[in-house]
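One chain, chain A, links the two complexes that follow: it is found with chain B in the first and with chain C in the second.
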Partner chain A sequence: MTARVNELADNTTVLKYALVAPAVFVILLIGLYPFVQLALTSVQNVTMFGADNSFHGAVHYERLLGDERLWSALWNTIWFTAVALPIELVLGYLLALLFLQPLPLRRTLIAIILLPTVISPIVAGATWRLMLDQRFGPVNQLIGWIIGRDVEILWTINPSLVWPAVLVAEVWQWTPFMFLILLAALSNVDREQLEAAEVDGAGAWTVFRKVVLPAIMPVVVIAVLIRGLDLFRVFDVIWTMTQGGPGTRTETISIYAYQMAFREFEISYSAAIAFLVIVLLTIAVLVALRRVEIAR
Partner chain B sequence: MSYNKPVRRGLAAGIAAAMALWPAAAGAQSAADIAVEAAKEYSGITLNVLYEAGLQPLDPKNFTGPLWEELTGIKINVIEAPVDQMFTRTMQAHLADSGAYDVLNVIPNQMPDLALAGALEPLDAYVEKFGFSAELDMIAPVYRDNQMRVEGTIYGLPDDGDVLILYYRRDLFEDPENQAEFMDKHGYALAPPTNWEQFSDIGQFITDKYAPEIYGAGMLRQPGNAQYLFQERFRVEGGKFFDEQTMKATINSDVGVAVFQAMLAENDFMPPGVEQWGFIEAFNAFLAGDIAMTISWPPVGRWAAGYGRGTEALNWIPETTVADTIGYALPPGGRPELAVGYSLSVASGSRNKEAAYLFAQWMNSEEISLQRVQLPYALRDPFRTSHFESEEYRSRWPNAGDYLDTLKAGAETGLLDLSLIQTDRYEEGIRQALSRLWGGEDPQTILDDLAAQWDELTERIGVDKQKRAYLDWSNKPNAYPN
Partner chain C sequence: MRRWENGWRLALRLVLALVAVGFFAFPIYWLAAISIKSPEEIFAYPPVWIPSGINLSGYVALFRNGDVWAVWNSLVTASVSTVLAMILGTLAAYGIVRYRPGGENLTIWIISQRMIPPICVAFPIFLLFVSLGLVDTFVGLIVLYTAFNLPYVIWMMRGYIQDIPPELEQSALVDGLSRWAVITKVVIPMARGGFFATAVFTFIFAWNDFLFALVLTRSEVVTYPVQVTGYFGSQSTFWSQIGAMSMLGVLPMMLVVATMQRFIVRGMSMGAVKG
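So, the complex of A and B:
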């Protein structure tokens, strides 16, 4: 009898693997193959003038170390992510709190708030470029009306204004995403716990810290991870608004990689950049997940 | 928007008549005739033609494409790309061996890169086989000698006489009161500026007197456009891009800094926000009469004179207010930039190379190109001697003769865009430098950074290799003023 059970268990295990195998194979094919190809290309020498597929060692990685423009682009990316993400999170949370209340036209307002998220980022960038246009943009006109004289603010050219301009566009488009996720999470916080905390005399901050935050934390972590990864890869909105300028002031790692790959055709070097980004993001994601585990 | 059938038939009949007369006059079959006859063999195929997005494709979509199909049975499929992506798209198609394009529009200073990368088909054998040499020789020398070959091999048929010339408002310049006041103030006559000091004097004078209704000038300032004005002016003022011995960048010389400082200072007498102006902004302002001077590509001179008014394709252009007062001159320094331009090439990955070449030869031929440069909506500018001298063209508007004479003079004295191995990377540096300049950074710092960036790039490409390419370019008569 025991042997029969073991045999069945063994067969079940085999069956499970057999069932999962095709999906794993497909994932490996579409995920691992490009990764391996990328790694291989980064140690070859493929440029616009030809493909030397022989092994060139770490020559492109050595170049990465001394490439000031790369590190500047990486710093811009980290800075942009570090600033935009908390703003989107806090604004999204505040909006979600607001919409937890029974408001008139609540559903319609939620739909309107979500509109920017369904727009392509390249369209969002183009829209904000027009909004901030020095001659025809409504933003300058509005400021002019408020202060009572014409203003000539060069939002996408002035080095001290260009980052705020890009940030506004990014936050405008993606805060609704945070809002939606957090609204769903907040809606599912246990009412009984909240009421119990109130009865026990807990203040708003204590209720948030001890009841709300633990309840919504898993969702917040996922939302932050998704947006964090998106922000780290940001390209479209900045490309449309500034093309990385003035100079390279708003150049992010994705824009730099694009320039190297598709304008300069330094294919192997851009593969090395991409590989570096993958490594950095993998470390960041692993650390984040590890912290979540610890928090649990 | 497209030509209706009767109009197309009329055009076809006109071209057919012109083609019928041409061989009789020349005593031999024309290059256009030869191309049509040979192309009939490929009837039924479709050629993919890469064009700059925007107005450029109106020609193949409305004129040459339908006419070619009518004459040969070959369909033309126009694929558009923004000008700054044409190189990328061409290279991507080549690297992927996709055969996505048959006929290419190639910016001449990018031709060496594309040819060396193997993206372009050598055309010498086709030129000989289809008897195009004589008509190629009739292209204006500056385009023929500089925008056709790479290391002695033909890779493109020069097809666009791009040159940046000065447009000005004659009514303001010829006004007796303005002339007297200007003479009193500066001690010389108010006339189109022949150097950049005069340009500043005149620009400031008009702005002081007429702004905000009219400003002294409005120039191309978006880095993608402004880089050509910088390249021209830097050389006119005596600058050299590199040291010929060491190949070290000399863009950060005193000349470079002075030009940067002057360009920045001139913005003060131009309309607010000029830093964001590209072709369209400067063009609109000139047509509206908001600026007294601008330097731009040849279509500005035609459309500002009212040529093409009423054409459906040009209904986006504001009504010109300067049609009767526009004047044409060479820009300060008298050595205009032959900025951008186009040559017609055949993609090496094309599956229909001969048919692609025949379409290019036909479009580029004497009689067809003369029609093309006169299309009201055309962005192709006169590039053959016969275009400049065409009585038909010279009668298109009252001072069309002055316009064509100025373009011809520009073609004779014009300066070539910098052309090296991986030119776009060097030009990208200029574009970034200009965007930093408009952002308020110090000119010397910006140009020092640019020089360092160029030096690093040259090192990576190989100093000797790049030096050969540079010397090949710089030894051309139209690379530097002297």
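So, the complex of A and C:
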């Protein structure tokens, strides 16, 4: 009996690490190696003309400071996130209110609304590019019907229309995500509390602020965090629709980093960009985490 | 009076709901329509809203020129990496819940790995794969998707395993089952709903990935999203192929939504909402 207990105990110490080790090893492959490589590359000088692996100090980081294209890409990314996120949140919330109470065909309608969120962002981008085609797309035709004459609007080419075009695709794809999560959160709000508040004669705004909002807040925070991080690294949908163009009009930080690394082969410089992004994201996440406990 | 008012409110909500459904469904309808339109209909002006018949020439073209292999490549990489990530991730999650190696720090480190933008690590991984000869191979993409999905699997499975009372495992151990048997015969069956839902999302992430596939494939294991972008040429755009290839990528997702609706909330919100 004693032997058996000891055996189990021994087993456990091994198990404690053996169970986790393979997963940690595989994650390290993308979690540690790239960082070391990035850090090294960013202080060397690797370009398409060759790899100079000697120490070059912070030259690439200095270049970051004066790179207007970088700052405009960063600004585009922040702007895009700051516009798309509230739109998705508000539309998602309104949709959730619409579907909170019984409705004919409720489950089927919800399933249809969810579709954009589970398809590839590449397909979403391609779909909207076809939708917005100046000649063969239905959007311009609809606009033509409304204003009463044919139009040929160049959505993805006209510099002042390209951001709205990308924004529509993004909001179309991810509003259902906010909708679904808010719907689940809203259905978990305590009915009795709601009714008690109404009996007390609280107005709709007071009920929302004092009862609904506190109840759904933890979920809203996590949804905003997930979407915010996704938006900050947005690549696929813009790549399919515009490739960052016209010119660099819709270039986000991810697209700029891709162009630098894989089109212009400024490897060391792109490593410095990647590092900047990781630092910015880490700060953002730490600030966000300070306000919420994500770990249950 | 009250009933009459309720009836109007319901009708109004239904109309608004249908408008919303139209907005979210129409682009996918348009894509599906393009995939079955004849070339004349695709390039008709004004656009044709309802195809006159089913023309499968876009799909036939994919089979004829071999591009349809991209769907197969997506299927292989997404399925194999899902299986691997589920095995490694479930074991790790079990270890984390029951033995707590590294305490909270390990969990936080693991989940933080998911927040890294792919573009930041794409080039170092590309270099690594070049030196290992893994560029444009199934092994390369599978390893990468496994690694990239593991944090998600561990995070989700950790949540589900925490819901299983440890007493159950204790009694199974006392009954003489090995640890391995406890995991496969008690833990996974107890958490099978969550296990299944997590696997589905892992599959979706790999199935829909674009950036890694773009960077790490050339011709042999090109996946379907990379193939779709290839049809947007600088000279000409292959509309019917875009429609057909995209639909082949979308159809499995339609199946997922139709059959797995109740799992989706928790999977999407990384467990924040118990759906």
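Basically, the second predicted complex is superposed on the first by the 261 of 296 C-alpha atoms of A that agree within 3 Å, B and C clash if a C-alpha of one lies under 4 Å from a C-alpha of the other, contacts with A are read in each partner's own complex, and residues count from 1 in each chain.
The working rule: a residue touches a chain if its C-beta (ideal position, glycine included) is under 8 Å from a C-beta of that chain, and two chains touch if they have at least 3 such contacts.
This one's a predicted model, so the numbers in the text were calculated from it and none came from an experiment.
By the touch criterion defined above, A:203 lies against neither chain B nor chain C after alignment on the C-alpha atoms of chain A. Legend: residue contacts after superposition of the two complexes on their common chain; A:135 is shown touching both chain B and chain C. In the superposition on chain A, A:15 contacts chain C only, with no contact to chain B.
Of the two partner chains, chain B is the only one touched by A:49; chain C is not. With both structures placed on the common chain, the touch criterion links A:262 to chain B and to chain C.
Residue by residue along chain A, chain B and chain C are tallied for touches, and C comes out ahead.
Of the two partner chains placed by the overlay, only chain C lies in contact with A:111; chain B stays clear of it.
Residue contacts after overlaying the shared chain place A:277 against chain C, while chain B stays out of touching range. By the document's definition of touching, of the two partners only chain B reaches A:158; chain C does not. Touched by chain B in one complex and by chain C in the other are residues 135, 262 of chain A.
The touching residues of chain C, when paired with chain A in their complex, are 10, 13-14, 16-18, 20-21, 23-28, 30-31, 34, 42-47, 49, 88-89, 91-92, 94-96, 99, 101-102, 104, 106-108, 110-113, 115-125, 127-128, 143-144, 146-148, 150-151, 154, 159, 162, 173, 179, 204, 207-208, 210-211, 215, 224-225, 228-229, 232, 239, 242-243, 246, 249-250, 253-254, 256-258, 261, 264-265, 268-273, 275. Residue ranges on chain A touching chain B, taken from their complex, read 48-50, 133-135, 152, 154, 156-159, 162, 245-249, 259, 262-265. Those residues of chain A that touch chain C in the shared complex are 8, 11-12, 15-20, 22-24, 26-27, 29-31, 33-35, 37-38, 41, 95, 98-99, 101, 103-104, 107, 109-124, 126-131, 135-138, 141, 144, 150, 172, 175-177, 180-181, 183-185, 188, 218-219, 222-223, 226, 229, 232-233, 235-236, 239-240, 254, 257-258, 261-262, 267, 270-271, 274-275, 277-278, 281, 285, 294-296.
Residue ranges of chain B in contact with chain A, taken from their complex: 87-88, 91-92, 95, 113, 116-118, 223, 272-273, 275-276, 281, 422, 424-425, 428, 432-433, 435-436, 438-441, 446.
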